[in-house]
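Consider the two complexes below, in which chain A is the common component and chain B and chain C are the respective partners.
What follows is the complex of A and B.
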């Protein structure tokens, strides 16, 4: 099965890459209110794989990141 | 308006991070057929912003990356 996991910095925590992108876009004439940068991990795994265990155990840092499974 | 852009390495091109994640998951007992790692950029911009121009001009490298706007 295919699963897409979006991993984002937790709201309120530092997101230096998001800040840098926002500044760069603003410098280039865009009006940008907010930018957040995270990761996408697209997985193709066996049926029945415990995705929550896989993601929480191996892909994210729960202190600073949150995730959405699609 | 809020826009989410998913930026992935083009199919067939090197994805060293995806390969590393696949290997790490396999070492930890998961049966993983494929892993691709990309970026998510969540933008909050003015209504009417030319998103295609923003993404193609400033966020991606069209030689090696492709994107989906959600």
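What follows is the complex of A and C.
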């Protein structure tokens, strides 16, 4: 079973990486309201694997990150 | 006292730490491999600076899932002294031995310079040889040192005296300009409620000899030994 986990910085937290990308895009003439930079983790796991436990226990820090499973 | 220095793949301040403990403090010290499953017969365990497991996923995240990290948690719960420096601090927050998290510096640059710090609490074993309110100078070198903790938790930590070091100017004023990474409340070092686990972003092991132009760091090590 293939799983894709999208990990993003929590809303409201300063995301300096996103801010830097936004500034670069603005400097290049694009009008961009906001940019957030996160990461994607692709997993190939056995059927029945507790994905929530895997993600929340090992892949993200729930204090500062949120996630979506695709 | 007998010390242990944790060695994860990517630790790079392990030998500096070992040298300070053995040669400057004249204490017993052993290295602890990252596959170590149980810590016995030691008084203090140090998680040194570096880039454990390349800081993949998040700084300290992979190291915090090793057998040695679990052994450190067990050691801390048995009352052992645990000191985390820089990457070691990041690992301790990932382990939930310390509250909060360390995020990318607000300005996104790796910062490598000297900073002034105010000792906010000198009642824990790691800072008792400093004066309360004393301003010290230590070097920092990190890309992910922005300390973050939610507001309610921060209030509880302040009430419990868990804020140990704050970035300040040479006169001890805690100002925005003196904050090198955007940490909440200019926080540079915190401890757990019991005071036996302490983490800080600055490097006291790099400030132990006049030859290097520093000596404020050695006081921290003396504090531990003089418990």
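Keep in mind that, in the parts below, the second predicted complex is superposed on the first by the 70 of 70 C-alpha atoms of A that agree within 3 Å, B and C clash if a C-alpha of one lies under 4 Å from a C-alpha of the other, contacts with A are read in each partner's own complex, and residues count from 1 in each chain.
Going forward, a contact is a pair of C-beta atoms (placed from the backbone, for glycine too) under 8 Å apart; a residue touches a chain by one contact, two chains touch by 3 or more.
Note that the structure is a prediction, hence the values are computed from the model and not measured.
In the superposed three-chain model, the partner touching more residues of chain A is B, compared with the other of chain B and chain C.
In the superposed pair of complexes, A:61 makes contact with chain C only, with no contact to chain B.
Once the two complexes are laid over each other on the shared chain, residue contacts for A:13 go to chain C alone; chain B is not touched.
By the touch criterion stated above, A:52 is placed in contact with neither chain B nor chain C. In the superposed model, A:25 makes contact with chain B only, not with chain C. The intersection of chain A residues touching chain B with those touching chain C, taken from the two complexes, comprises 58-59. The touching residues of chain A, when paired with chain C in their complex, are 13-14, 16-17, 20, 58-59, 61, 63-64.
For chain B in complex with chain A, the residues that touch the partner chain are 6-8, 18, 21, 24-25, 28, 30-46, 49, 54, 57-59. In the complex of the two chains, the chain C residues touching chain A come out as 57-58, 61, 65, 94, 100-101, 103-108, 146, 148, 150, 182.
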